Amino acid sequence: MSFLNTRYHEDGSIAATLEAVSRGHRILELEGHGDMTMGHISYRDPWGRGLWLKRGNLALSEVAGDDYILIDFDGNVLEGTGLRHIEWPLHAEILKARPDINFVGHSHAHYATVLGASEEQLKPYNNHGVWFAYSPVPRYTATSHIITEVHRAKEVVEVLGGSQAVLLANHGVAFVGETVEEVTLTGVFLEKAAEFQVDLRASGFSPIEPDPVETKEKFDRIYPPKAQDNFWMFFNRKLERYEEFQGPGIATP
Amino acid sequence: MSFLNTRYHEDGSIAATLEAVSRGHRILELEGHGDMTMGHISYRDPWGRGLWLKRGNLALSEVAGDDYILIDFDGNVLEGTGLRHIEWPLHAEILKARPDINFVGHSHAHYATVLGASEEQLKPYNNHGVWFAYSPVPRYTATSHIITEVHRAKEVVEVLGGSQAVLLANHGVAFVGETVEEVTLTGVFLEKAAEFQVDLRASGFSPIEPDPVETKEKFDRIYPPKAQDNFWMFFNRKLERYEEFQGPGIATP
Amino acid sequence: MSFLNTRYHEDGSIAATLEAVSRGHRILELEGHGDMTMGHISYRDPWGRGLWLKRGNLALSEVAGDDYILIDFDGNVLEGTGLRHIEWPLHAEILKARPDINFVGHSHAHYATVLGASEEQLKPYNNHGVWFAYSPVPRYTATSHIITEVHRAKEVVEVLGGSQAVLLANHGVAFVGETVEEVTLTGVFLEKAAEFQVDLRASGFSPIEPDPVETKEKFDRIYPPKAQDNFWMFFNRKLERYEEFQGPGIATP
Amino acid sequence: MSFLNTRYHEDGSIAATLEAVSRGHRILELEGHGDMTMGHISYRDPWGRGLWLKRGNLALSEVAGDDYILIDFDGNVLEGTGLRHIEWPLHAEILKARPDINFVGHSHAHYATVLGASEEQLKPYNNHGVWFAYSPVPRYTATSHIITEVHRAKEVVEVLGGSQAVLLANHGVAFVGETVEEVTLTGVFLEKAAEFQVDLRASGFSPIEPDPVETKEKFDRIYPPKAQDNFWMFFNRKLERYEEFQGPGIATP
């Protein structure tokens, strides 16, 4: 991957981070987040200019080095070429409201969207669901629209609160992270936990409800930073294996 | 793909369109419409002679340049070789009754056929279902037969009305489009929306019912012509990737 | 595939038929019948000596030219090497009782076995289910044992009657055919119809029940001999594509 | 695979056994047990020093020759490099309490974990479930925590009793075997039986309940040692085919 574009010259670390964000996009595709060219991760510009957002008309699996535009928090394009996703306000408003995080993801992951299209609360039925132990995943139900307007994005921000993810009813999900590792893992675990819950409830079996206090202790035990690094490295190896085998680009069935 | 057959000489644009229709067939296979050698798309002849229909005994994934016959609206073969699908009246009658469209698709897409074999109404539970915001998908229940007779085809036409798709109970689906892009996307979204609804309802969760007026506004926002082009291009890239990887022909498991 | 074994010399047509039976085994694997090295098709010896049965310890996907033994109707091995499947009585008794058929298949196809482990009757909810229009598929419930004893096999024969297939409760399925094409298609359609019915009923939707008389007419229309040939050829092409891509042998995930 | 590490020199048979254990890990991955780098098999050291445990930060599909550490029953690392899985007490306590077995497996196999997160009892609805005919699979519900503490491991031991497997509610499963073949097959059949039961019950069909006495007879018939060898060899061939096709390492989707 080469960076011919001069925009990265002012800060080499941005290019390096965007490389990781690109892998994050491609990992999300492999873990069930793909829906044509829908879905995107954004990254808060470290120089305070706004956010780097994946450009449009690319599948998650197609995102590589240069595929970003820099926009300010009002959506003005400052650098980069290509289409600006019309849901940019979702990213801008969350980044503005949440100084604790630097990355925002949005997708239509199948099972998380299924769960989001219902009244069901995501629960820690397995390890993946425990990722959300300290902040249950709320649901935004004010509209089924995609989030293209600032006032809608502000509504989502309010529902999201301090959580790591929010279900967008009849639409998809949004999720955040302080690091690219965190935003990717949050997206991955959200979809895995939703799939588990859908399968568990579809079976008709009576679920066992874990204790909330224990669930937090469980989070502390299974998701310390070194474990998160381990999982992030795993998904990177998996991506590399996949791309070596099938070549880069859109995931084949 | 070479066109040795003289029938295309009179109008080069037909060959070009049929190339796109072939990709439409192969895209439908990748998106879950395959059922052995069942399923076909037809194209209204621009010279008013009738319709170009995929010839028989080929899987959707096997359709390429020359695999069409030209028939008039009474089913007489005017050009081309190979088997005439016995469901030709379904195509002929829809094309006669609907001057607004130029393409008709028919398949046994799994989830759409599951939904069609029930009393359930397809609903806009996610973005894919929103494709049908302006015209709910009706169900044809007069028979479980395949549509090989003109009088049956006329019944389907009546149920279809001005809609983009119709569920054929205990059989499959039919869908239409003004362009090859539109007929393909309609088929794809019909199957995706049905799969989503089956998974949502199988979970036992209480679904959230989107507002019908909002659903139309949502359609306007997410499916303008440029977005449709974007999705059509995505599915073409996906097809190319797949065929580069596995070679052309029947899709491997 | 070479036939070094002298046993085929007396009748070259047997080797040719067994080649087709081997493709039948491998097609069944691709269509969801695989369960480790379980499952087998038998072929009535045209010289009246008994039956040719796939030998043991091979997956359906591994069966090729020489992988058969000839046994008489009492299970004595007349020709060939390798393990005799202990369920040989199932094949012998069905072939003895049903002079109208020459091939017997047995497998643990997932969805057909799921349906067989319940009180549910297989129904013609889609085209695949229509294959059984003239003879509903009965269920053998006298035991959950595999059929290794002649008296159990005779019980299965009684339940099977003149049908094309029988569900073996908590075990698997058996299916028959006059030709290798027919036995293979019967196995394939049994599994596809069962999968359809499982998905339809799991959805919780109210199914539409097709009319039994119409279902027979539908069978006549969609499954004439030339259509069966067409489907058999399709599955052979699919198998070839798959084996070209992945190589022969056990199916990869 | 080369063994440069001197630790194997004192007993060549250990290296040979660990080779088989590595295949066991990779087979479990192919059969649905993979969850990032979670899951591990341990092997009782034949010299009485403790147990050989897969080292951390590797997926089941990545485990090869050297990827083990030798720990004593108090968790002290005696040989080998790499991370010690924090769930080592689960292995140590089971091996201490069960002199009849030499191998312990632990994973988050999807369907077995779904069933484990409910009140449902695993039942012998198909052949795979019959593997557990003589010892129903109990459920450990004292905690949803992973088993990192000796006192928790002792609780699991008590629930496990003389069984071959135990469901760990809201977490995963553990399973044992006298041989590497047995521990692997137990893991495989546990997941397959759970998937079958989930699909059967999700369908809403009324299940047929096999007779417990007959189920034991069925076990004797279908799972004698030579059949177990046959299945173990099958999974080894399948693994080889898969790795020839895709290369070793993390399983591609």
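Chains here go by letter, A, B, C and D, matching the order in which they are written, and residues are numbered from 1 within each.
Throughout what follows, contacts are C-beta pairs under 8 Å (C-beta built on N, C-alpha and C of every residue); 3 or more make two chains touch, one makes a residue touch a chain.
Here the structure is a predicted model, which means the values were calculated and not measured.
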| item | value |
| --- | --- |
| Labels of chains that are neighbours to chain A and to chain B | none |
| Interface numbering overlap (same over half, different under half) for chain A and chain D | different |
| Chain centre separation in whole Å, for chain D relative to chain B (CA means) | 47 |
| Intercentroid distance (Cα basis), chain C paired with chain B, Å | 33 |
| Residue list for chain B, restricted to those that touch at least two other chains | 202, 204, 246 |
| Category of the chain touch graph - line, ring, star, complete, other | ring |
| Chain A - residues contacting chain D, complex | 30, 124-127, 130, 196, 199-200, 202-208, 210-211, 214-215, 217-218, 221-222, 230-231, 233-235, 237-238, 241-242, 244-246, 251 |
| Contact set on chain A toward chain B in their complex | 35-38, 56-57, 59, 62, 86, 108, 110-111, 113-115, 117-120, 141, 143-146, 148, 169-172, 198, 201-202, 204, 246-247, 249-250, 252-253 |
